[in-house]
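One structure, as C-alpha cells, below. Some questions next.
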C-alpha cells in the first residue's frame, strides 16, 4: 500500500511551486532598455495583475490548507486516490494561466469565467478526494466521526459554491465577482469551521487562544 | 553507503518543479499592452499548447509514480545508481522544451518525434534504474520476489514501447500519435499492474476498495 | 491541532523557490538572434540587476533564518498563525517583482521605496508571527525564557527598522539607501544576536568555535 | 544549536530548483505566431544552449553530491557555516545566468571565463564549507578519520582546479574548454574517490557491486 507521506511531500512541492510561480505573472520592464513608461504609470498598470496575484495566492493557500486537512485523516492511499490527487495538482499548477488571462483581458467576462472555472476545478477535485477517501471509511481510520466527515464535506462544497457564485456574478459586475472570491479565505479561517475540525481531530488540547 | 532518503527527496523536488514549470509554456499576453487578439481567438490558439501541457503533466506524473515504486524496493544506493538517477532527472527536467516545440510546430512530425524521444528517454532511464538495482538483487532486499521484479520491468518497458509506437505513428497521423500517449496513464492506473505491485509489496493489507 | 512540521516544510518550499526565482530577473539575450550589444556592454548593463539579485537573495535568506528560529520555539499552530504565516509567504514570494522594478528604474526613488516597503512587510509579518505566538506563551513552550522572547523581538524589529531607515535614506541618496540594507545580514550574523539565541535554546552544548 | 536537517532540506530545495530552472534557458518560439524558422534550423540553433543546459545540469548535480557528502559528516551547525552555506546557494542559484550568457555569446571567451568563474565560485564555497567544518573537527564527529577529511578536500579542490584549467584553456580553444568541464562528473563518479568515501563512512557494509 502506498504510503501517504511521500505523496503528501510531492503534492506540497507542486503546490508551493505553483503558488510561487504566480509572481512571474507580474511583468517587469527590461533592464537593457530605457523603460517606455514612467514608473508611476507602470505601477498603476500593474495594480490589476497585482490583485490577481494576491487573489490566486490566497486561493491556492486555502486549497493547500484543505489538502492538508484531508491528508490529516487519510491513513493509506490507493490507485484511484493517486489519480484524483494528480487531477488536483494539475488544476492547481494550471492556475497561473487563467490568472494571467484575467489580468490581460480585465474587462472580458469570459476571462473571469475561465478563472472561476479553474478555481471550481480545484475545489471539485478536493471534494472528490475527500468523498472517495471517506465513503465507507475507505481510506481513513474507522474512528473518524461522521460529524468531522460532514463538516469537511460542507466546507469544501461551500468553497466550490462561492466560486460558482463568483462566476455567475461576473455577468453582472466584474468587480463584485472579484470581491466574492474573498469570501473563500474568510470562510476558511473563520472560527466555526477550522477550529472545530482541528480540535475534533486532536482532542481537547490546550487552546490558549480564547 | 548513500542513504536513499535524501536522494529520493531531491528527485521529488526536481520532478515537482519540472511538472509545475510546464505551465510557463502557456503564454499570456502582456498586461501593459492592449492585447492583439480577442480573448476567444487567443484561447482557441492556446488549445493546442494546453493539450501538450496536460499530456506532459500526466506523463511526468506517471514517471514519478514509477520512480516512487522503484525506490520503494531499493534499500541502498551506489555510485552507478546515482548516475542513472541523475540521467532520469535530466530527461524529466528537459521535457518542457520538447513540449514547447511540439506546441509551436504543431504540424511538424519532427517535433513529435523529438517529443516522443524525450518521453522514451525518461522511460529508458527508469528501466535502467530498475534493471541495475535488481540484477542479482544488487540494491534491493533479498526477499523481493522475482515476480515483482518481472512485473515492474514489464510495466516500465510497456511505457517505453507505447512512446515508441506513438513516434512511429506520427509519420502517419499526428492526432493518432497524440492519442497513443494516453495509453500510458491508462496502463499505469489499470488494476492489474499497480494494485498487484502494491499489495505484493505490503502483504494482504485491508483493501476496502472492491 | 495543526502540526508545525508540514507548515514548516511548505514554508521552506515557498521561500526556497522565491529565493531561486530571483535569477530569472537577470535577463539573457536570445540565442536565436545575433546579440545587439557587445558582451562587455551587456554585462555592464547587468551589474545593477546583479546587485539587486544578491541583495534580495541575502535578505530572503535572513528572513528564512528568522522564520527558522521562530518555528524552533513554536510547539503548535492555530488558525491565526497559519494566516500570519501565509501573509509572510505572500510578502516573500512577492519580492522578485520590486527587485525587478528597482533594477529597471534604477534612478527612481519611488522604486526604492517600493522595494524597501516589500522588505518591511516581510519583517513586520515575521514580527507579527513572533509576537502572536509568544504573547502569554500562546503557542510556545512554557519554559521559553522572557529573555529569549525579548531578544528575538528586538532582532526582528531591528531588521524592520533598518529597512525603514533605508527607505528614508532613498530620498537623499540611492547609493546610501542600498548600502544600508547590507546592515541586515551583518546584524543577523553578528555574534551577539544569533549565537546567544541558539545556545539559549539548546543549553550550553559543545561550542568548539571560540 | 542549529539542526543540520532543516538547513539541508532548504539547501536541497534551492539546488533542485536551480537545476530545473536551467531548462527555461532553452527558448521556445511563441505559439501565437507562425514560427520564423523551420524546425530543423531552429533545433540546429538550439544545439549550443542544449549543450550548456546539459553541462550546467551535470555540474550542479556534482555540487549537490559533494554538498550531500559534506553534510553527511557535519553533526551541528553554527553561524559561520550558515553564512558559507548561503554563499554556496547564492553561487548555485546564479548558474543559470552565465549558462545563458555563454549560449548567447558562444564565440566570446569572456562568456566562458564568466561561466567558469561561476563554477569555481561554487567549488570554492563548498571547499570553504568543508575546511571550516573539519578544522579541528569543529563541526564534525571526533571519529571522522584524517584520511576521509583529506580525501574530500582533495576531491573538491580538484573540481575547482578543473574549472580553473577550463578557464585558462578558453583563451586557446573554446571547444577544448568545454570538453574539460566533462572531467568534473567523470572524476566525481570514478571508483577511487566516491566509493572510498562512502564505504569509509559506513564501515564495510555489503557491497554487491564488484
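In order of appearance the chains are A, B, C and D, and numbering begins at 1 in each one.
To be clear about the criterion, contacts are C-beta pairs under 8 Å (C-beta built on N, C-alpha and C of every residue); 3 or more make two chains touch, one makes a residue touch a chain.
Quick caveat: nothing in here was measured; it's all calculated off a predicted structure.
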Taking each chain's C-alpha mean as its centre, the one farthest from chain B: C
Shared interface numbering between chain B and chain A [over half = same, under half = different]: different
Chain A and chain B: spacing of chain centres that average the CA atoms, whole Å: 26
Averaged-CA centre spacing for the pair chain D and chain A, given as whole angstrom: 36
For chain C, residues that touch 2 or more chains besides their own: 9, 13, 17, 21, 24, 42
Chain-to-chain touches, reported pairwise for every pair that qualifies: A-B, A-C, B-D, C-D
Contact footprint of chain C on chain A as seen in their complex: 8-9, 12-13, 15-17, 19-24, 26, 28-32, 35, 39-40, 42-43, 53-54, 57-58, 61, 64-65, 68, 189, 191, 194-195, 198-199, 201-202, 205, 207-209
Complex interface listing, chain B residues touching chain D: 1-2, 6, 9-10, 13-14, 17-18, 21, 24-25, 27, 37, 42, 45-46, 48-49, 76, 78-80, 82-83, 86, 89-90, 93-94, 96-97, 100-101, 103-105, 108, 110-111, 114, 136-139
